[in-house]
Amino acid sequence: MAVSKAEMEAFFRDHFPQAELIIEELGDKIATIRKHIEFKHLRPGGTVSGPTMMELADAALYVTILNEIGLVGLAVTTNLNINFLNKPSAEKDLIAECKLIKVGKALIIGDVYLYSEGNEQPVAHAVGTYSIPPKR
Amino acid sequence: MAVSKAEMEAFFRDHFPQAELIIEELGDKIATIRKHIEFKHLRPGGTVSGPTMMELADAALYVTILNEIGLVGLAVTTNLNINFLNKPSAEKDLIAECKLIKVGKALIIGDVYLYSEGNEQPVAHAVGTYSIPPKR
Amino acid sequence: MAVSKAEMEAFFRDHFPQAELIIEELGDKIATIRKHIEFKHLRPGGTVSGPTMMELADAALYVTILNEIGLVGLAVTTNLNINFLNKPSAEKDLIAECKLIKVGKALIIGDVYLYSEGNEQPVAHAVGTYSIPPKR
Amino acid sequence: MAVSKAEMEAFFRDHFPQAELIIEELGDKIATIRKHIEFKHLRPGGTVSGPTMMELADAALYVTILNEIGLVGLAVTTNLNINFLNKPSAEKDLIAECKLIKVGKALIIGDVYLYSEGNEQPVAHAVGTYSIPPKR
(Lines give C-alpha, C1' and ligand atoms only; values in the text may rest on other atoms or scores of the structure.)
Protein backbone atom coordinates (compact mmCIF):
# COMPACT_ATOMS: atom_id res chain seq x y z
CA MET A 1 0.00 0.00 0.00
CA ALA A 2 3.05 2.25 0.23
CA VAL A 3 2.66 5.62 -1.45
CA SER A 4 5.43 7.77 -2.92
CA LYS A 5 6.30 11.12 -1.33
CA ALA A 6 5.19 12.91 -4.49
CA GLU A 7 1.79 11.16 -4.54
CA MET A 8 1.26 11.92 -0.85
CA GLU A 9 2.18 15.58 -1.28
CA ALA A 10 -0.14 15.86 -4.29
CA PHE A 11 -2.97 14.25 -2.29
CA PHE A 12 -2.49 16.77 0.53
CA ARG A 13 -2.24 19.74 -1.84
CA ASP A 14 -5.56 18.69 -3.37
CA HIS A 15 -7.46 17.82 -0.20
CA PHE A 16 -5.81 19.91 2.55
CA PRO A 17 -4.17 22.86 0.81
CA GLN A 18 -3.98 24.83 4.06
CA ALA A 19 -1.86 22.13 5.75
CA GLU A 20 1.27 23.07 3.71
CA LEU A 21 3.18 19.94 4.63
CA ILE A 22 6.48 18.63 3.35
CA ILE A 23 6.85 14.86 3.45
CA GLU A 24 10.39 14.11 4.61
CA GLU A 25 10.16 10.35 4.99
CA LEU A 26 7.58 7.64 4.44
CA GLY A 27 8.32 4.16 5.74
CA ASP A 28 6.70 1.05 7.12
CA LYS A 29 4.24 2.47 9.70
CA ILE A 30 6.42 5.56 10.16
CA ALA A 31 6.60 9.01 8.61
CA THR A 32 8.44 12.27 9.16
CA ILE A 33 6.69 15.51 8.21
CA ARG A 34 7.99 19.07 8.15
CA LYS A 35 5.95 22.23 8.55
CA HIS A 36 7.50 25.56 7.70
CA ILE A 37 6.68 28.02 10.50
CA GLU A 38 5.52 31.46 9.40
CA PHE A 39 4.31 34.58 11.17
CA LYS A 40 0.70 33.35 11.15
CA HIS A 41 1.65 30.31 13.28
CA LEU A 42 3.21 32.34 16.09
CA ARG A 43 2.00 33.44 19.50
CA PRO A 44 3.11 36.44 21.54
CA GLY A 45 6.39 35.63 23.28
CA GLY A 46 8.03 34.18 20.18
CA THR A 47 6.56 30.70 20.17
CA VAL A 48 4.44 28.51 17.93
CA SER A 49 0.72 28.30 18.75
CA GLY A 50 -0.75 25.17 20.29
CA PRO A 51 -3.28 24.70 17.47
CA THR A 52 -0.44 24.72 14.92
CA MET A 53 1.15 21.84 16.81
CA MET A 54 -2.17 19.99 17.16
CA GLU A 55 -2.82 20.36 13.44
CA LEU A 56 0.63 19.05 12.57
CA ALA A 57 0.33 16.07 14.93
CA ASP A 58 -3.04 15.17 13.41
CA ALA A 59 -1.70 15.55 9.85
CA ALA A 60 1.36 13.42 10.61
CA LEU A 61 -0.91 10.64 11.85
CA TYR A 62 -3.05 10.96 8.75
CA VAL A 63 -0.06 10.75 6.39
CA THR A 64 1.31 7.68 8.18
CA ILE A 65 -2.08 5.97 8.14
CA LEU A 66 -2.74 6.73 4.44
CA ASN A 67 0.67 5.30 3.63
CA GLU A 68 -0.45 2.11 5.37
CA ILE A 69 -4.01 1.78 4.03
CA GLY A 70 -3.78 3.65 0.70
CA LEU A 71 -4.98 7.09 -0.38
CA VAL A 72 -8.61 6.37 0.36
CA GLY A 73 -9.08 9.45 2.47
CA LEU A 74 -11.76 7.86 4.62
CA ALA A 75 -10.00 7.56 7.95
CA VAL A 76 -11.33 10.01 10.54
CA THR A 77 -9.75 11.11 13.80
CA THR A 78 -11.71 9.90 16.81
CA ASN A 79 -9.32 10.87 19.62
CA LEU A 80 -6.23 13.01 20.01
CA ASN A 81 -4.34 13.42 23.26
CA ILE A 82 -1.48 15.91 23.23
CA ASN A 83 1.03 16.96 25.89
CA PHE A 84 2.95 20.19 25.38
CA LEU A 85 6.46 19.61 26.68
CA ASN A 86 8.76 22.49 25.78
CA LYS A 87 8.39 25.89 24.13
CA PRO A 88 8.94 25.58 20.37
CA SER A 89 11.24 27.99 18.57
CA ALA A 90 9.56 30.68 16.45
CA GLU A 91 12.45 30.56 13.99
CA LYS A 92 12.65 26.86 13.26
CA ASP A 93 10.50 24.50 11.24
CA LEU A 94 8.49 21.96 13.18
CA ILE A 95 9.30 18.30 12.50
CA ALA A 96 6.77 15.56 13.28
CA GLU A 97 7.89 11.96 13.68
CA CYS A 98 4.98 9.53 13.67
CA LYS A 99 4.88 5.80 14.34
CA LEU A 100 1.78 3.59 14.21
CA ILE A 101 1.45 1.48 17.34
CA LYS A 102 -1.65 -0.46 16.34
CA VAL A 103 -3.11 -1.18 12.92
CA GLY A 104 -6.47 -2.85 13.47
CA LYS A 105 -9.37 -3.38 11.09
CA ALA A 106 -11.49 -0.66 12.69
CA LEU A 107 -8.99 1.49 14.61
CA ILE A 108 -5.46 2.68 13.92
CA ILE A 109 -3.45 4.28 16.73
CA GLY A 110 -0.23 6.24 16.38
CA ASP A 111 2.27 8.15 18.41
CA VAL A 112 3.81 11.50 17.30
CA TYR A 113 6.74 13.49 18.63
CA LEU A 114 7.11 17.11 17.50
CA TYR A 115 10.47 18.87 17.45
CA SER A 116 11.76 22.32 16.61
CA GLU A 117 14.31 21.48 13.94
CA GLY A 118 17.77 20.91 15.35
CA ASN A 119 16.69 20.44 18.97
CA GLU A 120 16.49 16.90 20.28
CA GLN A 121 14.10 17.76 23.14
CA PRO A 122 10.55 17.25 21.84
CA VAL A 123 8.18 20.23 22.05
CA ALA A 124 5.07 18.05 22.14
CA HIS A 125 3.93 14.44 22.13
CA ALA A 126 0.57 13.23 20.87
CA VAL A 127 -1.27 9.94 20.60
CA GLY A 128 -4.15 9.73 18.17
CA THR A 129 -6.78 7.22 17.12
CA TYR A 130 -8.30 7.07 13.67
CA SER A 131 -11.39 5.10 12.79
CA ILE A 132 -11.47 3.23 9.49
CA PRO A 133 -14.94 2.78 8.02
CA PRO A 134 -15.81 -0.83 7.17
CA LYS A 135 -15.32 -1.82 3.53
CA ARG A 136 -18.50 -2.58 1.60
CA MET B 1 -11.46 38.50 38.86
CA ALA B 2 -14.44 38.44 36.52
CA VAL B 3 -13.83 40.16 33.20
CA SER B 4 -16.47 41.80 30.98
CA LYS B 5 -17.26 40.30 27.57
CA ALA B 6 -15.97 43.47 25.91
CA GLU B 7 -12.64 43.33 27.79
CA MET B 8 -12.22 39.65 26.97
CA GLU B 9 -12.96 40.18 23.26
CA ALA B 10 -10.52 43.11 23.17
CA PHE B 11 -7.85 40.96 24.84
CA PHE B 12 -8.34 38.22 22.23
CA ARG B 13 -8.38 40.67 19.31
CA ASP B 14 -5.04 42.03 20.51
CA HIS B 15 -3.31 38.77 21.40
CA PHE B 16 -4.97 36.15 19.19
CA PRO B 17 -6.43 38.01 16.18
CA GLN B 18 -6.64 34.80 14.15
CA ALA B 19 -8.95 33.16 16.70
CA GLU B 20 -11.95 35.34 15.71
CA LEU B 21 -14.02 34.42 18.74
CA ILE B 22 -17.31 35.82 19.94
CA ILE B 23 -17.84 35.63 23.70
CA GLU B 24 -21.45 34.61 24.26
CA GLU B 25 -21.40 34.15 28.01
CA LEU B 26 -18.91 34.53 30.86
CA GLY B 27 -19.85 33.18 34.28
CA ASP B 28 -18.40 31.66 37.40
CA LYS B 29 -15.99 29.00 36.03
CA ILE B 30 -18.07 28.72 32.84
CA ALA B 31 -18.04 30.35 29.41
CA THR B 32 -19.77 29.96 26.07
CA ILE B 33 -17.84 30.90 22.94
CA ARG B 34 -18.98 31.10 19.31
CA LYS B 35 -16.86 30.68 16.23
CA HIS B 36 -18.22 31.68 12.87
CA ILE B 37 -17.41 28.90 10.37
CA GLU B 38 -16.07 30.02 7.01
CA PHE B 39 -14.81 28.27 3.91
CA LYS B 40 -11.24 28.11 5.27
CA HIS B 41 -12.41 25.96 8.21
CA LEU B 42 -14.00 23.27 6.06
CA ARG B 43 -12.89 19.85 4.93
CA PRO B 44 -13.94 17.91 1.85
CA GLY B 45 -17.31 16.30 2.50
CA GLY B 46 -18.89 19.44 3.93
CA THR B 47 -17.58 19.28 7.46
CA VAL B 48 -15.45 21.39 9.80
CA SER B 49 -11.78 20.42 10.13
CA GLY B 50 -10.51 18.74 13.28
CA PRO B 51 -7.89 21.45 13.92
CA THR B 52 -10.62 24.12 13.84
CA MET B 53 -12.40 22.22 16.61
CA MET B 54 -9.18 21.69 18.60
CA GLU B 55 -8.37 25.39 18.34
CA LEU B 56 -11.83 26.38 19.52
CA ALA B 57 -11.74 23.94 22.46
CA ASP B 58 -8.35 25.30 23.53
CA ALA B 59 -9.53 28.91 23.18
CA ALA B 60 -12.71 28.23 25.19
CA LEU B 61 -10.60 26.83 28.02
CA TYR B 62 -8.32 29.85 27.86
CA VAL B 63 -11.23 32.33 28.01
CA THR B 64 -12.80 30.54 30.97
CA ILE B 65 -9.47 30.40 32.83
CA LEU B 66 -8.64 34.06 32.18
CA ASN B 67 -12.07 34.99 33.49
CA GLU B 68 -11.15 33.13 36.67
CA ILE B 69 -7.55 34.32 37.17
CA GLY B 70 -7.57 37.70 35.38
CA LEU B 71 -6.19 38.80 32.02
CA VAL B 72 -2.62 37.89 32.86
CA GLY B 73 -2.11 35.85 29.75
CA LEU B 74 0.40 33.54 31.39
CA ALA B 75 -1.50 30.29 31.57
CA VAL B 76 -0.17 27.68 29.12
CA THR B 77 -1.84 24.51 27.87
CA THR B 78 -0.06 21.40 29.08
CA ASN B 79 -2.52 18.72 27.96
CA LEU B 80 -5.53 18.51 25.67
CA ASN B 81 -7.54 15.34 25.11
CA ILE B 82 -10.28 15.55 22.49
CA ASN B 83 -12.84 13.04 21.28
CA PHE B 84 -14.61 13.69 17.99
CA LEU B 85 -18.20 12.54 18.39
CA ASN B 86 -20.33 13.60 15.44
CA LYS B 87 -19.77 15.30 12.11
CA PRO B 88 -20.18 19.08 12.48
CA SER B 89 -22.28 21.03 10.02
CA ALA B 90 -20.43 23.14 7.46
CA GLU B 91 -23.21 25.72 7.52
CA LYS B 92 -23.55 26.37 11.23
CA ASP B 93 -21.40 28.25 13.72
CA LEU B 94 -19.57 26.17 16.30
CA ILE B 95 -20.52 26.80 19.93
CA ALA B 96 -18.14 25.85 22.75
CA GLU B 97 -19.41 25.40 26.29
CA CYS B 98 -16.60 25.26 28.84
CA LYS B 99 -16.67 24.49 32.56
CA LEU B 100 -13.68 24.44 34.90
CA ILE B 101 -13.57 21.24 36.94
CA LYS B 102 -10.50 22.05 39.03
CA VAL B 103 -8.94 25.39 39.89
CA GLY B 104 -5.69 24.67 41.70
CA LYS B 105 -2.71 26.91 42.38
CA ALA B 106 -0.55 25.29 39.72
CA LEU B 107 -3.03 23.53 37.42
CA ILE B 108 -6.48 24.38 36.10
CA ILE B 109 -8.54 21.71 34.36
CA GLY B 110 -11.65 22.23 32.28
CA ASP B 111 -14.15 20.36 30.20
CA VAL B 112 -15.50 21.60 26.83
CA TYR B 113 -18.40 20.46 24.69
CA LEU B 114 -18.58 21.67 21.08
CA TYR B 115 -21.87 21.91 19.18
CA SER B 116 -22.97 22.88 15.71
CA GLU B 117 -25.43 25.64 16.53
CA GLY B 118 -28.97 24.37 16.92
CA ASN B 119 -28.05 20.70 17.34
CA GLU B 120 -28.07 19.29 20.84
CA GLN B 121 -25.78 16.36 20.02
CA PRO B 122 -22.19 17.50 20.70
CA VAL B 123 -19.70 17.25 17.82
CA ALA B 124 -16.68 16.97 20.13
CA HIS B 125 -15.70 16.85 23.78
CA ALA B 126 -12.35 17.94 25.16
CA VAL B 127 -10.64 18.05 28.53
CA GLY B 128 -7.67 20.36 28.91
CA THR B 129 -5.09 21.24 31.54
CA TYR B 130 -3.45 24.62 31.83
CA SER B 131 -0.40 25.32 33.96
CA ILE B 132 -0.28 28.58 35.91
CA PRO B 133 3.23 29.90 36.53
CA PRO B 134 4.02 30.62 40.20
CA LYS B 135 3.59 34.26 41.25
CA ARG B 136 6.79 36.07 42.18
CA MET C 1 -32.32 -2.70 26.41
CA ALA C 2 -32.60 -1.33 29.94
CA VAL C 3 -31.46 -3.74 32.64
CA SER C 4 -32.64 -3.85 36.26
CA LYS C 5 -30.24 -3.01 39.09
CA ALA C 6 -30.53 -6.57 40.37
CA GLU C 7 -29.69 -8.09 36.97
CA MET C 8 -26.72 -5.74 36.57
CA GLU C 9 -25.37 -6.54 40.04
CA ALA C 10 -25.77 -10.25 39.39
CA PHE C 11 -23.93 -9.91 36.07
CA PHE C 12 -21.05 -8.13 37.80
CA ARG C 13 -20.90 -10.60 40.68
CA ASP C 14 -20.60 -13.41 38.15
CA HIS C 15 -18.15 -11.81 35.75
CA PHE C 16 -16.18 -9.32 37.86
CA PRO C 17 -16.42 -10.50 41.46
CA GLN C 18 -13.42 -8.38 42.48
CA ALA C 19 -15.13 -5.16 41.39
CA GLU C 20 -17.56 -5.21 44.36
CA LEU C 21 -19.85 -2.55 42.93
CA ILE C 22 -23.19 -1.32 44.16
CA ILE C 23 -25.49 0.00 41.44
CA GLU C 24 -27.17 3.12 42.81
CA GLU C 25 -28.97 4.29 39.69
CA LEU C 26 -29.45 3.09 36.12
CA GLY C 27 -31.05 5.47 33.64
CA ASP C 28 -31.10 6.44 30.00
CA LYS C 29 -27.37 6.67 29.14
CA ILE C 30 -26.53 7.43 32.77
CA ALA C 31 -25.60 5.41 35.84
CA THR C 32 -24.41 6.01 39.39
CA ILE C 33 -22.16 3.41 41.00
CA ARG C 34 -20.86 3.16 44.55
CA LYS C 35 -17.69 1.46 45.70
CA HIS C 36 -17.11 0.79 49.36
CA ILE C 37 -13.56 1.83 50.26
CA GLU C 38 -11.60 -0.60 52.41
CA PHE C 39 -8.07 -0.76 53.76
CA LYS C 40 -6.81 -2.51 50.62
CA HIS C 41 -7.79 0.50 48.47
CA LEU C 42 -5.79 3.04 50.47
CA ARG C 43 -2.43 4.68 49.97
CA PRO C 44 -0.08 6.09 52.57
CA GLY C 45 -1.30 9.54 53.61
CA GLY C 46 -4.90 8.45 54.08
CA THR C 47 -6.11 8.55 50.50
CA VAL C 48 -7.56 6.19 47.91
CA SER C 49 -5.13 4.74 45.37
CA GLY C 50 -5.18 5.93 41.77
CA PRO C 51 -5.75 2.41 40.38
CA THR C 52 -8.86 2.06 42.59
CA MET C 53 -10.23 5.21 40.96
CA MET C 54 -9.26 4.06 37.46
CA GLU C 55 -10.95 0.71 38.03
CA LEU C 56 -14.13 2.37 39.28
CA ALA C 57 -14.24 4.81 36.35
CA ASP C 58 -13.82 1.94 33.89
CA ALA C 59 -16.49 -0.14 35.66
CA ALA C 60 -18.95 2.78 35.71
CA LEU C 61 -18.54 3.17 31.95
CA TYR C 62 -19.05 -0.54 31.45
CA VAL C 63 -22.25 -0.60 33.54
CA THR C 64 -23.68 2.38 31.68
CA ILE C 65 -22.82 0.87 28.30
CA LEU C 66 -24.25 -2.57 29.17
CA ASN C 67 -27.46 -0.86 30.27
CA GLU C 68 -27.60 0.70 26.80
CA ILE C 69 -26.65 -2.30 24.63
CA GLY C 70 -27.73 -5.23 26.83
CA LEU C 71 -25.74 -7.68 28.97
CA VAL C 72 -23.70 -8.99 26.07
CA GLY C 73 -20.40 -8.45 27.77
CA LEU C 74 -18.54 -7.90 24.54
CA ALA C 75 -17.67 -4.23 24.76
CA VAL C 76 -13.95 -3.62 25.38
CA THR C 77 -12.21 -0.49 26.60
CA THR C 78 -9.99 1.03 23.94
CA ASN C 79 -9.08 4.33 25.62
CA LEU C 80 -9.31 5.83 29.08
CA ASN C 81 -8.14 9.32 29.95
CA ILE C 82 -8.31 10.26 33.62
CA ASN C 83 -7.49 13.48 35.48
CA PHE C 84 -6.99 13.31 39.24
CA LEU C 85 -8.48 16.48 40.69
CA ASN C 86 -8.64 16.34 44.47
CA LYS C 87 -7.49 13.95 47.18
CA PRO C 88 -10.24 11.42 47.96
CA SER C 89 -11.21 10.70 51.54
CA ALA C 90 -10.04 7.38 52.99
CA GLU C 91 -13.19 7.15 55.10
CA LYS C 92 -15.87 7.70 52.47
CA ASP C 93 -17.25 5.52 49.73
CA LEU C 94 -16.43 6.55 46.17
CA ILE C 95 -19.38 7.48 43.98
CA ALA C 96 -19.10 7.37 40.16
CA GLU C 97 -21.54 9.30 37.98
CA CYS C 98 -21.33 8.25 34.33
CA LYS C 99 -23.00 9.72 31.26
CA LEU C 100 -22.65 8.42 27.69
CA ILE C 101 -21.78 11.24 25.30
CA LYS C 102 -21.79 9.21 22.10
CA VAL C 103 -23.45 5.92 21.27
CA GLY C 104 -22.25 4.89 17.84
CA LYS C 105 -22.39 1.51 16.12
CA ALA C 106 -18.70 0.80 16.64
CA LEU C 107 -17.67 3.14 19.48
CA ILE C 108 -19.35 4.32 22.66
CA ILE C 109 -17.85 7.22 24.61
CA GLY C 110 -18.71 8.27 28.13
CA ASP C 111 -17.76 10.75 30.78
CA VAL C 112 -17.34 9.88 34.48
CA TYR C 113 -17.02 12.06 37.57
CA LEU C 114 -15.83 10.43 40.80
CA TYR C 115 -16.71 11.85 44.22
CA SER C 116 -15.95 11.00 47.83
CA GLU C 117 -19.45 10.61 49.19
CA GLY C 118 -20.85 13.83 50.58
CA ASN C 119 -18.31 16.14 48.92
CA GLU C 120 -19.44 17.99 45.82
CA GLN C 121 -15.91 18.62 44.52
CA PRO C 122 -15.03 15.71 42.22
CA VAL C 123 -11.87 13.72 43.04
CA ALA C 124 -11.36 12.59 39.45
CA HIS C 125 -12.80 12.91 35.97
CA ALA C 126 -12.43 10.34 33.22
CA VAL C 127 -13.44 9.95 29.60
CA GLY C 128 -13.45 6.48 28.13
CA THR C 129 -14.06 4.82 24.78
CA TYR C 130 -15.40 1.32 24.38
CA SER C 131 -15.37 -0.61 21.14
CA ILE C 132 -18.41 -2.72 20.24
CA PRO C 133 -17.65 -5.73 18.05
CA PRO C 134 -19.74 -5.92 14.87
CA LYS C 135 -22.83 -8.16 15.06
CA ARG C 136 -22.67 -11.28 12.90
CA MET D 1 19.62 10.63 42.18
CA ALA D 2 19.81 7.11 40.76
CA VAL D 3 18.47 4.42 43.05
CA SER D 4 19.51 0.77 43.13
CA LYS D 5 17.03 -1.94 42.13
CA ALA D 6 17.10 -3.34 45.66
CA GLU D 7 16.33 0.05 47.22
CA MET D 8 13.48 0.66 44.77
CA GLU D 9 11.98 -2.79 45.41
CA ALA D 10 12.24 -2.26 49.17
CA PHE D 11 10.55 1.15 48.83
CA PHE D 12 7.67 -0.41 46.88
CA ARG D 13 7.31 -3.36 49.27
CA ASP D 14 6.98 -0.87 52.14
CA HIS D 15 4.68 1.68 50.50
CA PHE D 16 2.76 -0.29 47.87
CA PRO D 17 2.82 -3.94 48.95
CA GLN D 18 -0.14 -4.79 46.72
CA ALA D 19 1.75 -3.67 43.59
CA GLU D 20 4.06 -6.74 43.66
CA LEU D 21 6.51 -5.35 41.14
CA ILE D 22 9.85 -6.67 40.00
CA ILE D 23 12.31 -4.02 38.87
CA GLU D 24 14.05 -5.38 35.78
CA GLU D 25 16.02 -2.31 34.77
CA LEU D 26 16.60 1.22 36.06
CA GLY D 27 18.41 3.68 33.82
CA ASP D 28 18.63 7.34 32.94
CA LYS D 29 14.96 8.36 32.60
CA ILE D 30 14.00 4.78 31.72
CA ALA D 31 12.86 1.72 33.61
CA THR D 32 11.56 -1.77 32.88
CA ILE D 33 9.14 -3.35 35.34
CA ARG D 34 7.69 -6.86 35.44
CA LYS D 35 4.42 -7.92 36.99
CA HIS D 36 3.68 -11.57 37.55
CA ILE D 37 0.14 -12.30 36.34
CA GLU D 38 -1.99 -14.43 38.63
CA PHE D 39 -5.58 -15.63 38.61
CA LYS D 40 -6.80 -12.49 40.40
CA HIS D 41 -5.60 -10.30 37.50
CA LEU D 42 -7.57 -12.16 34.85
CA ARG D 43 -10.84 -11.49 33.08
CA PRO D 44 -13.24 -13.96 31.50
CA GLY D 45 -11.92 -14.96 28.07
CA GLY D 46 -8.38 -15.58 29.29
CA THR D 47 -7.04 -12.08 29.34
CA VAL D 48 -5.59 -9.61 31.82
CA SER D 49 -7.97 -6.99 33.25
CA GLY D 50 -7.73 -3.37 32.15
CA PRO D 51 -7.24 -2.11 35.72
CA THR D 52 -4.24 -4.43 36.14
CA MET D 53 -2.67 -2.80 33.08
CA MET D 54 -3.56 0.72 34.27
CA GLU D 55 -2.04 0.00 37.68
CA LEU D 56 1.17 -1.34 36.11
CA ALA D 57 1.49 1.65 33.76
CA ASP D 58 1.04 4.05 36.67
CA ALA D 59 3.55 2.14 38.81
CA ALA D 60 6.12 2.05 35.99
CA LEU D 61 5.88 5.83 35.67
CA TYR D 62 6.27 6.20 39.42
CA VAL D 63 9.38 3.99 39.54
CA THR D 64 11.00 5.88 36.67
CA ILE D 65 10.21 9.25 38.24
CA LEU D 66 11.47 8.23 41.70
CA ASN D 67 14.69 7.04 40.10
CA GLU D 68 15.05 10.54 38.64
CA ILE D 69 14.05 12.66 41.66
CA GLY D 70 14.90 10.36 44.57
CA LEU D 71 12.75 8.25 46.86
CA VAL D 72 10.77 11.18 48.19
CA GLY D 73 7.42 9.61 47.45
CA LEU D 74 5.70 12.95 46.93
CA ALA D 75 4.99 12.87 43.22
CA VAL D 76 1.29 12.42 42.47
CA THR D 77 -0.36 11.34 39.22
CA THR D 78 -2.40 14.14 37.68
CA ASN D 79 -3.26 12.58 34.31
CA LEU D 80 -3.10 9.14 32.74
CA ASN D 81 -4.14 8.41 29.18
CA ILE D 82 -4.11 4.74 28.15
CA ASN D 83 -4.87 3.01 24.87
CA PHE D 84 -5.52 -0.72 24.91
CA LEU D 85 -3.97 -2.16 21.76
CA ASN D 86 -3.98 -5.94 21.82
CA LYS D 87 -5.32 -8.67 24.09
CA PRO D 88 -2.71 -9.61 26.70
CA SER D 89 -1.90 -13.26 27.36
CA ALA D 90 -3.27 -14.73 30.60
CA GLU D 91 -0.21 -16.97 30.87
CA LYS D 92 2.58 -14.45 30.52
CA ASP D 93 3.99 -11.81 32.82
CA LEU D 94 3.35 -8.20 31.85
CA ILE D 95 6.43 -6.11 31.10
CA ALA D 96 6.28 -2.30 31.28
CA GLU D 97 8.87 -0.16 29.52
CA CYS D 98 8.78 3.45 30.66
CA LYS D 99 10.63 6.50 29.35
CA LEU D 100 10.36 10.04 30.71
CA ILE D 101 9.71 12.54 27.93
CA LYS D 102 9.76 15.70 30.04
CA VAL D 103 11.33 16.36 33.42
CA GLY D 104 10.20 19.82 34.49
CA LYS D 105 10.28 21.44 37.91
CA ALA D 106 6.55 21.06 38.46
CA LEU D 107 5.51 18.33 36.00
CA ILE D 108 7.12 15.11 34.81
CA ILE D 109 5.65 13.30 31.81
CA GLY D 110 6.40 9.76 30.70
CA ASP D 111 5.46 7.22 28.12
CA VAL D 112 4.86 3.50 28.87
CA TYR D 113 4.51 0.49 26.60
CA LEU D 114 3.13 -2.72 28.10
CA TYR D 115 3.92 -6.13 26.63
CA SER D 116 2.99 -9.73 27.34
CA GLU D 117 6.41 -11.24 27.83
CA GLY D 118 7.87 -12.61 24.63
CA ASN D 119 5.51 -10.79 22.27
CA GLU D 120 6.82 -7.70 20.53
CA GLN D 121 3.37 -6.23 19.83
CA PRO D 122 2.47 -3.97 22.76
CA VAL D 123 -0.78 -4.71 24.59
CA ALA D 124 -1.20 -1.13 25.80
CA HIS D 125 0.38 2.30 25.63
CA ALA D 126 0.02 4.99 28.26
CA VAL D 127 1.17 8.55 28.77
CA GLY D 128 1.09 9.93 32.28
CA THR D 129 1.78 13.21 34.05
CA TYR D 130 2.99 13.47 37.62
CA SER D 131 3.00 16.67 39.61
CA ILE D 132 5.99 17.38 41.88
CA PRO D 133 5.16 19.52 44.90
CA PRO D 134 7.37 22.63 45.26
CA LYS D 135 10.35 22.27 47.62
CA ARG D 136 10.13 24.33 50.80
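Annotations for the structure displayed:
Per-chain residue numbering starts at 1, and chain names A, B, C and D are given in the order in which the chains are listed.
Convention: contacts are C-beta pairs under 8 Å (C-beta built on N, C-alpha and C of every residue); 3 or more make two chains touch, one makes a residue touch a chain.
These numbers come from a predicted model, not from an experiment.
Note: the chain lying farthest from chain C is A, by mean C-alpha position.
When the interfaces A-B and A-C are ranked by how many C-beta pairs touch across them, A-B comes first. Taking the mean of the C-alpha atoms as each chain's centre, chain A and chain D sit 28 Å apart.
As a whole-number value, the distance joining the C-alpha centres of chain A and chain C reads 33 Å. Taking the mean of the C-alpha atoms as each chain's centre, chain A and chain B sit 23 Å apart. Under the contact definition stated at the top, the residues of chain C that touch 2 or more other chains are 78-79, 81, 83, 129.
Residues 15-16, 18, 40, 43-44, 50-51, 54-55, 58, 73, 76-84 of chain C are the ones that touch chain D when the two sit in their complex. Contact residues of chain A toward chain C in the complex are 78-79, 81, 106-107, 129, 131, 134. Partner chain D is touched in their complex by these residues of chain A: 81, 83, 85-86, 101-102, 109, 111, 113, 122, 125, 127, 129.
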